[in-house]
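Note that the chains take the letters A, B and C in the order they are written out, and that residue 1 is the start of every chain.
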């Protein structure tokens, strides 16, 4: 055993000699003060940060990298932050006056919630792109849209039964925070201060509502929107992690947006799960064929992709939808992407805050036009063409657009049955001033588009047929129409005689 | 190629010199006799065992490790077993007289089913803790509880249709063995002996019913309960494997207890799946930040966790629920954990063997009190606090307890509809002496708590919102209440006029 | 840093010396011509191919391997292909005259779709075995069977609602291509030629329908059936990948055939996911215990398995079902495997193209007999016995066959309810000349066998109880019978009085 230790020591000396000379880059005094306590108090996150790029290179050195390799997008980083690594203090004490959650902590003005605005000191391009991303408005797009707010209430709200009727309560904030707003983002607010005993005596801390949260559209105490840590998980902030599909899966796995599930059964997913452990997820730029052999979510939607000669195949983007012409999920019908990331401005002819009519016609003035759609499709196709022939890619997109048509048609059929039910008084809808989401038949209708049509489109977009056939796609779309029809037919017949069969 | 081989050989010689001097520790004569045949007969398990710690260290050497590193919990191991590795004979021939499955095999008294009692020779603390774990009683808690036994019968039993009615047969033992009892544990019984031709001539072997099985509450032929191999899979018995979430997933993935599915979409799961391949799952003790960056199931519920200075954050426990104040699944309502691992002793006011009334009130005398609950929560929080702030952890637990309230409320609503159905004669329940699980409306009610409320609570406990929102949580709780109401309303209206809508 | 680079260079020189002398084997002139452009045009697949065995060994050298290690099954490879690696031209330009998709491309006669017939130059045994595999006929077995074609139409076809009735359109070819035929295989047809601008000027390419596709029963432009790339994914053609469960999951994960989902919660799956990253998936032959510690799909169904002394435990097979006595999915009842891979030849007594009657009796003349079943079971058991005792294996198979009985019984019960519904006029079926898949009650019936009974059998076959209990198995079989009964009872009562309850 002694000899083993000796051998190990010799090896380590050699390694230290070859690599180690590069001294650890300097840590600011303020960050060192944080670390002095927090290495004891919260050892897990300190250790995680120590493995991060933030802890191992100064912004000043990072700025010297060649353009394609650089991950800082600022033309210049402020004098004060260039020379030391990006540690606790660099993020948690910047812009103290704009942060309502700033509090005095051992002589520092610390804030709890680090925001895109804080990150934009070094990463302004990413933050600016992200603000054009519909995801940055996910909180308001859900909760400030009366139709969608009602979907939240009728999903998350507690119901009672009084022996005759069911009664819905609105969704409460705590429940919303751990369901819809987990992904859409909460509004984080300071509700006061409280004193707590710590190992260093009594200390005061802010009381926060809507916290913890890393939702993509989080409303931050400094007024900014979004959370970089949705994908670049604290405190490692690893680009490798953001490129792996598990990160997207946190919010894109359920039946309403089953991207991950479709990926898992696609050929691309199969290659990733089978071979991906040998790929280089840290390389910047990301070289097709060399660093990876099949795309993950990030490859198609976000990353800077190059070929082996360094030619750019796709530019890095944090406006995730700028290679996506169609918005295929979450809404009643698939439609061209909205122009504005804030979708609460949309009104259809019927006066509803929806990008299509209830019968599917797109509300075009709020949506991107065909030129923009072509541009986005071309950007996406360029990624596909790094491995596939033009015929292949063209046919794949033709299939996808055909599926948009057929799934919209199947949603329209379900909608027609619902409209008939409302018309015949078998359920109460818009005309009766009632919620369109609260009754059994309406929930069947919601599943038609929110689950089954969406899932079928994802399966088509990413060629994960197994999911779109029987797992949660076409089988259920077809069955659901028959279930809705059966319900209506039966109900009307039983109650007062209706459409004959 | 020759040079490659030469280079490899040189490397191996150096490695052998540095590590290899430590000769392979001795194997007992009895085990060697087993190996002599079984290396041919069952090569897979022999090879697996050879990679195990059991095969590579003697109990005597293992005893010399420092307390935190030691995996043997016996104060002393018996003289006979200390000097040789733990091989076939050490486990399969101990306590031959207490094992009803002992049989003569080439001169040895061998038993098939190795039990916690056998393992307790070296691991008594774990076995004692485990016996207080509700899991060790999983067989009886299911099958000796008349209400739950009926749930098994109405789930696993074959049904017939005679043109007018459906008829249930009780679940048969073979079916139960491969469904409920796969996890809950079978009763393994010796049903006789049979002769079989082998390569060494005719041999006699015991005939076992309920075998194979590694259920957590297995009733063993020596009268003991449980199966260490549920988690410490034969014949590698790897601690790394028990710490990975796939092990728990064997029984905690279905909609009745979707811990794994929630973990997969939680931030913790995301970190594990993205970065976990570089973690050290074999380290004992397990150092937060150094060995792993996010918890797996074992981190929070079982493992010995330390910080980088060796301070204990959580003690190892095999009474898995002793960091869990609430029992959140399997029962109609979430409630404080039962005091006794044997839950068949519980009776509610209505005389049912349930820890709450049908309307949700806990049967407190059988359940842990608020002091014990606080103690358990504090133990769990200590794990969380290794990475998270007090505010974060406090808010997370407040959310979780709020979810316990709202999910219990949603179960109560479903129960009220069912009670109304029974009252109005739309279904037959307790008052009619009928099963409460056998009719369509009753199965809807079961899903409310067994699937949807449970899933929502798991999603809350582990912050895997995607699962608790649309995948199998709140959406379905809400829809199910409306479906049950729709059914009742419609049924009563169609049959004889009922609650107006 | 300089020293680090120096150290790395020294290491690389040593490695190069020890391994690198082996010069890269020669590439044909034709392939080199392809590579000269395609390294730029489609860099991803070129890089992938460069990592493949095809690119790194010539058939001539591969032929010299010992029989158990050899992956070429041809007794002799044609003179022309033996001396250079298997590159672009070797596959995409063979047999140009038989390929309807052959087109002139820079002086070469290139075809797009490489087929089993092309691969059979080196791998004739695998191709011949595969042709006896029911999978090779998956296209016709689905689409040339009128009953199953109707299932496709009523699943994939767009429906409309005219205010009174729902109307089905047949499934269109584009939809089928990305749902059922993704796995079953499309018919790839040449629909003409089109000119496209490329970097090398205008070029003509064939227009293909049904493309892209790698379905297992693809009908190829050269008249052959199947697609080796279903499992041996282009352009790495890795045996490791084919052995990993993700490959099978592409088509075996949905509720109709949830092999992957069952595997994930089985003990075998648990071992694979926890420990498999250290296994050798490239070894040929594949040694139990040494290369892997638990089976993947391929281990039991396809691979050449040996013990550590090189004794063959299972021969490689590409007739995947030749270790499977029972066909447990896709059909209404589980039954002995069909004799012929082409199942369209089957007719039951009622004249339907089904291997059983609607009431379950097998149509024996088309199915393998008990002798063949025993032979297949014995072949499978030999794999199990590499790790498990005879008692274990025997009991496991007894459970499985018991489950075939009980699940068939539960399907029969659902069928009886449907037959009653047809008889009483509550739905329209065979007697009325109507589809048996188009109404709500019929879709419930389909789920009984296509989802729930199938899933329960998979869970039994592979011991993944969690999936077969509540995830998609017995709970749903039981609930579905009650739902169907409830529907029938209620419907008849509401409409005209029916079976009393």
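Things to note:
As a convention for this text, contacts are C-beta pairs under 8 Å (C-beta built on N, C-alpha and C of every residue); 3 or more make two chains touch, one makes a residue touch a chain.
Everything quoted here is computed from the prediction, not taken from an experiment.
Residue numbering at the chain B/chain C interface overlaps only partly, since under half of the positions present are found in both copies. Rotating chain A by 120 degrees superposes its CA atoms on those of chain C, with the angle stated to the nearest 5. Mean C-alpha positions place chain B and chain C at a centre distance of 33 Å. Multi-chain contact residues of chain B (touching two or more other chains): 277, 494.
The touching residues of chain C, when paired with chain B in their complex, are 14, 17-19, 21-22, 264-267, 269-271, 273-275, 277, 288-290, 293, 307-309, 385-392, 395-396, 398-399, 402-403, 406, 409-410, 413, 416-417, 420, 459-460, 463, 465-471, 473-475, 478-479, 481-483, 485-486, 490, 493-494, 499-501. Partner chain C is touched in their complex by these residues of chain B: 1, 3-4, 6-8, 39-40, 42-48, 51, 112, 154-161, 163-166, 172, 174-175, 177-180, 182-183, 196, 205-208, 211-212, 214, 233, 236, 238, 240-241, 244, 246-247, 249-256, 277, 438-441, 443, 450-451, 491, 494-495.
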